[in-house]
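This report concerns only the one structure given below.
In order of appearance the chains are A, B and C, and numbering begins at 1 in each one.
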């Protein structure tokens, strides 16, 4: 039972990590919490759904949805955020403008999705079974779909880790987010690099949407709670840290899973709030926040 | 003659405050010119406008006949104009090796990047022993060396240096300035050196410009400037 | 109406006149308009809570819907369980919300920007789920908060056809006017001045001897008092409080209203509230006019609100103001 709960926790934690990673990527480079992230992710998932219903093949739609997610992220940066940073510079609204603007964008994306696909709950099945693995006579709640979620998330996290640590692009991304001006003076095209960061974030969100949706249903708001969890995870980890996003996601996923199993399903988000409060009261900038350094 | 750095009638305003007023001067290739002035004299503003960080209000500036204005810093780096900013010129969260690598990231000639990397480590051997340390573990002087070494990897022609002596001990300042002077001779660099520390700067400079409240007070060779007791008292501080 | 040089008493007089005018006007408008008017009044209070918090103390909350829920549940619980008169029930709900706001404010004062946004967001999603855990809070069914028809004296004043909705309108308008009066006085006090100072420059304010953290806590507490009063009134209008009556979208809606109002403009909260209440109706009419399908009618309000929000942030960062009142300018300078 303990192992089952842990495995389910890791599976949902992996998804939270992806969402948290998307938020951290954008936060580090733009100092904006992108509330539209769940809208972007759900839009790419709808596109994946559309491709699947045309081709009847999840494995074709998955990579295409991820590419679309990356494109959407890049477009949001180019068309929307650049305009925002040009127009809103000071005044009482400057601090909250990014929050408000991305909330507005979220509403916009979700209502456009509603206009195109309607607000009904859609089934977006994956070829993998949602039924738990069976060992002899014992069936565990952990299913092939859960295994796929963990593997897909781990793959994405590993790719990001390698890119950030060992490639020139990763170095440029880190330099641009730590010190945009110095990076510029060293010859790095910071706005282009930032745009790549946004597309990475969009791709991470798209993976999260595409692998989690088969376990429930698809609607314009279906990823909102995932976003909230991802945000809590990112804050727990300390918004600046990619490692923190992953750790925060796993902590939250496993925590939720145990609360669900041993206390009650309906208090999970309250528990999330309490976990968050405890972490922030001890460390107001998250576990991996500035004070211990901001290594990737 | 359009060779070198030519700045003409440059003015820069911050809102209603005028930071640089109608400034004109020129640097011939290979020259090291020190811009001397106290806080608020507009010298940092001047250098930031030449490297593309801020847009001047009016005037012109060109390097070897090509205008500098209206271009982003990262594009100017590609034209050989490298600005080493004041104080915080390295990225503390990155290692020494990563900070160095930044200078060559955009260059396609990777063989030359490798060569430049080796050369700068020969010039500042202390950095070679710290490659895997984070830059925030370096001393102030070492950080300045790292910033210069990173700039060298970009193979600059014009180096814009903003107060390299800031916060450093006199002995270290001496060391850095000697290294700087050797470098410009070795690579034929043109250097615009903005300094509050007039004495150290004028020791290695070919010429000095004195800036006060955004305007050019006078210019001349270090010997000329140091002869004038009034200038020494008012602006040079020694 | 919010001119600086007026004394609190004079301000009270002016607001009382406005109140009498509005209450008299309620005789001549239909039931639906009465209900919408009551909604506007409730939103004015809710938006003011954000204006006070964000515009005057620089903090952000995406969880004020949860604070509204606390006020709503406090009022409904005291009304249905202990049979408090409804006015006392409203005050009790406000009191509970204020206490909760103080506790939250202590935590919030330690957090900056996105960390506070994240925490309050988690609160907005998490808190309503508590109701499912306690029988006394009525689970998913919620708690009834039906105050019934107007008492005889009000009917005598309000005329023969004094319906329940007109009565709601009266209650909400009176509450909103008292609230506006109280906030205006507060913003003119030293507290208000200190908040603005701390928001504009925390370092300078603390050097000038202003306790920035204490000011933030106080602002959060007062803001929560307003939000919980709005929540209690919200429950009263609905006649019931349920966990789903205070969704995340409510938290977002009042922030939207505050931005439309121009976050540091108290008088603008009325504009924000009117816009929030009329958007569904206007866009609904538009959808019908376009002969739209169910998809269109369901999504047009969201589309319009979002577009409006984006446009306001990008192009009218001071909110949907046609022009600034002179008095407002003074108020802004002096607080």
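Going forward, contacts are C-beta pairs under 8 Å (C-beta built on N, C-alpha and C of every residue); 3 or more make two chains touch, one makes a residue touch a chain.
From a predicted model like this one, the values you see are computed outputs, not experimental measurements.
Chemist: When A-C is set beside A-B, which has more C-beta pairs in contact?
Modeler: A-C
Chemist: Which chain lies at the heart of the structure, taking centres as C-alpha averages?
Modeler: Of all chains shown, the one whose C-alpha centroid lies nearest the global centroid is A.
Chemist: Compute the centre of every chain as the mean of its C-alpha atoms, then state which one is farthest from the centre of chain B.
Modeler: C
Chemist: With chain centres taken as the means of their Cα atoms, state the distance from chain B to chain C in Å.
Modeler: 55
Chemist: Averaging only over C-alpha atoms, locate the centres of chain A and chain C and give their separation in whole Å.
Modeler: The answer is 32 Å.
Chemist: Roughly how far is chain A from chain B, going centre to centre by Cα mean, in whole Å?
Modeler: Distance between chain centres, rounded to whole Å: 42 Å.
Chemist: Spell out the part of chain A that touches chain C in their complex, as residue ranges.
Modeler: Spelled out, the residues of chain A in touch with chain C are 27, 33, 83-84, 87-88, 91-97, 99-101, 103-108, 110-112, 114-115, 118-119, 224-225, 228, 231-232, 234-235, 239, 264, 266-273, 276-277, 280-281, 284-286.
Chemist: Note which residues of chain A are touching chain B in the complex, please.
Modeler: For this pair, the touching residues of chain A are 168, 171-172, 174-175, 178-179, 181-190, 293-295.
Chemist: Spell out the part of chain B that touches chain A in their complex, as residue ranges.
Modeler: 51, 53, 72-74, 77-78, 82-85, 88-94, 98, 101-103, 105-107, 134, 150, 154
Chemist: Mind pulling up the chain C residues that touch chain A in the complex?
Modeler: Chain C residues touching chain A: 54-55, 58, 60, 62, 107, 110-115, 117-119, 121-123, 125-127, 129-130, 132-133, 199, 248, 252, 255-256, 259, 262-264, 294-296, 298-300, 302-303, 305-307, 309-310, 313-315, 317-318.
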